[in-house]
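We call the chains A, B and C, going by the order they appear; numbering starts again at 1 in every chain.
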Amino acid sequence: MSTPSRYWREIPQRYRLEANKCETCDAKFFPPRLLCPQCKRRDLVPAKLAERGKVLTYTIIRVPPHQFADQAPYAVGIVELDDGVKLTAQIVDCDFEELKVGQRVRIEFRKIFQQGESGILCYGYKFVPE
Amino acid sequence: MDGIVGYGAYIPRNRIKVEEIAKVWGADAPSYKRGLMLEEKSVPSLDQDTITMSVEASKCALKRAGIDPSEIGAVYVGSESHPYAVKPSGTVLAEAIGATPEVHSADFEFACKAGTEGMYVALGLVRAGEIKYGLAVGADTSQGAPGDALEYSAAAGAAAFVFGKEKVVAKALETYSYMTDTPDFWRREYQYYPQHGGRFTGDPAYFKHIMGAAQGIMKKAGVQPSDLDYVIFHQPNGKFPFRVGKMLGFERSQIEPGWLVNRLGNTYSGSSPLGLTATFDISKPGDKILIVSYGSGAGSDAFIFEVTERIDEVRDLAPKTRDILDNNKKYIEYGVYAKFRQKIKMAE
Amino acid sequence: MRDVAVIGMGMTKWGELWEKSLRTIFVETALLALDDAGVNRIDSMYVGSMSSGVFVGQEHIASMLADYLGQNPIPSTRVETACASGGLALRLGWMEVASGISDVVLVGGVEKMTDVSGYEATYALSTAADQEYEGYHGITFPGLYALIARAHMEKYGTTREQLAMVAVKNHHNGSMNPLAQFPFKITVEAVLNSVMVADPLRILDCSPITDGAAAAIICPVEMAKEMGKPVIKIIGTGHATDSIALSSRKDITWLEATYQAAKQAYAMADKKPHDIDIIEVHDCFTIAEICVLEALGIVEKGKGGVAAEEGITSLEGKIPVNTSGGLKAKGHPVGATGVAQVVEIVKQLRGEAGDRQIKEARTGMTQNMGGSGGSTVVHIFERE
């Protein structure tokens, strides 16, 4: 359920993985936050995420939400990037039998879904095997 | 001297063999393979399109260029399968690579030569001193109608080039464009699949314009085929590039490095551009390369590039085209292919 | 702060209640609670409902239900914290009585989930997840718990069979609960052969879509005694939050909010895990029960898988869990679940649980959880 303004607002994160970071705690946040949850510091600085990581856990969605109906079944995982940040996204270009915890993956730009036949196309990040 | 500062390629992983398509339509696979000189083609997944492939190819081009994307002054995507009818592919690409907001963008269309059109314009703006760097991409996920000859070859892929004046990998020595109004292949608005004029697409179309552009640029540059190391022609099937090459006086060995179609298919606006990236991958400093695209309707753009020392530094900074083409392939069957190409869809 | 007791409770049969609307379901249930308590006047009410807006397009239900219960102009509050809405309704009601602001408070929960298509219901449930960074990528609720399950299986060796045994145990208990949506037993084979929803979770690992409500009446302990009621006292309460996005948690296999809420409740009640006789936990998926038992300190971290397998949590076990049938067999009308857990514990502590009665049950606990663990409310009850 992504309307044009909601989709557009998150473009820096969806397309460029723009994050931010607390310099006191040396912690990166994605999506960016307004204050550090640990030390409550407000002046967080821009940071980019690493583009590679390893799969922490995964599942294969067989009963999908409506706008993903034609993509099912598809794999979704939580990946820990090399800089420690964890992301949830689909894992594609990989046979289900090859999926495993600890697998190395990298980010690729893909179409996430489309709003029916006449709505906007929503793009973002997915993972592919290294 | 201006020219290409970085180049990159992207080809989806999926492949379908000629036999697999022929089986469904009861066609004679061996004769298609012989006639088209084609074994298999690339197929985009449901989550891939001209925009996604352009982004990935451009990221590779940027890795080789080693520039700050905010210095890119123009972003052009040439395709005949732009995902939107109205809303540019170029804006998504520009955002994804971080070139916005100080950037010019336009989507180009001219059947299969839309990619080289963007290259022509980006180079021109760099030459004129209007922009520091320009990015041009040729990408397509075009379709062939089920059961039509084009179904065997219509494939998906993208090639991206960053043009600039400094740190060039290949100097742009000469450009030329040759064009007439020729209705050899077209698609009307709201039609899903293109139409074509059968054998009319040969001599009066492909051959006439490629010959016209090739001869024109060689005359302008004062060179003969033997002065050039490599040549890449648009590759609608495996045979045409060798035939036109022979007609022009080129050797097979000059054509082979950029000849990808037998295992890639025809990537339309990505066709000769991908051939160019594959040729750069194996080139040496000093090599002179001619690329002649062809777009139905009809026209050809031609460029002569001269590879510089910098090729040795950048070649390995991103995946090589033939590695992407030949490794990590996933073969699919016709049903999955039809689903990926949206020839069959779930009910709303 | 005054001590608070539960003096009445009500629940009707849960299931696909085609003939009943949201307001009918709630009012019928609330009337049962009022009758059970022997009161017809309340000072205030709290209603837990996760998503009446998405399911039936109706917001403002706090006032609507107060009206249909004949209780205007009392204050009425709708509480939402995803699937822990019911538990939170009780906690807020408890605060109002404990602080002396009100004497008799009705706490209830309701959800009407079957007026929309399966897709819409799934969407409504998924709004408990992070829409931009989980939902956007196609994750579903079962998908999130499947991610937890696989991580737990990798880290601790929990098996597919152990997950199935949780569902089997809960159905065994639910088969003795006439109000449950699915009052029948199932086998491990049935679970392992049921349709795959999100690997490794199958349809029989998942709680269902249900219409239903539950309600309880609370008042100061002194008033309960004056009324001659059995005194079922709320001796501990806890409430904690965590990131709603699974990827933001430090340890995907650990339910920190449950641990924190339980810690608060144990401290307030001055109890330890082994002091609890019976627990109702939030088994929205089989893996959830396993992880909750670890976070409540009932079993060691990583050992949740053996609890059902070794019978520790069966009716005859050391600490019976989900004697009602749990969310799996009883049903999961989201906002009502937390209050239904209270209904079961109160039944047990009063000795009214029929065939599934745990003898000598004196101290009971409820654990109600929102989303993939982003919020948890825990209560501890004791019969005086």
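Note that in this section contacts are C-beta pairs under 8 Å (C-beta built on N, C-alpha and C of every residue); 3 or more make two chains touch, one makes a residue touch a chain.
What you see is a predicted model; the values in this text were computed from it and never measured.
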Notebook entry, point to check: Line, ring, star, complete or other: which one describes how these chains touch?
Noted result: line
Checklist line | Most central chain, Cα average position | finding: A
Notebook entry, point to check: Roughly how far is chain A from chain B, going centre to centre by Cα mean, in whole Å?
Noted result: 30
Check: Per the centroid of Cα atoms for each chain, what is the distance between chain B and chain C, given in Å?
Finding: 59
Note to self: Two-or-more-chain contact residues of chain A, please, as numbers and ranges.
What the structure shows: 71, 90, 112, 126
Notebook entry, point to check: Touching chain A in the complex: which residues of chain C?
Noted result: 119, 122-123, 126, 131-140, 142-143, 146-151, 154, 195-201, 245-248, 252
Check: Quick one: in the complex, what on chain B touches chain A?
Finding: 13, 45-49, 51-52, 55-56, 59, 83-84, 92, 95-96, 98, 330, 339, 345-346, 348
Notebook entry, point to check: For chain A, which residues are in contact with chain B within the complex?
Noted result: 11, 15-16, 69-71, 90, 92-93, 95, 108-112, 116-117, 121, 123, 126
Margin query: Which residues of chain A touch chain C once you look at their complex with the stated criterion?
Written below: 1-2, 6, 10, 13-14, 30-31, 56-66, 68, 71, 74, 76-78, 86-90, 96, 101, 112-113, 122, 124, 126
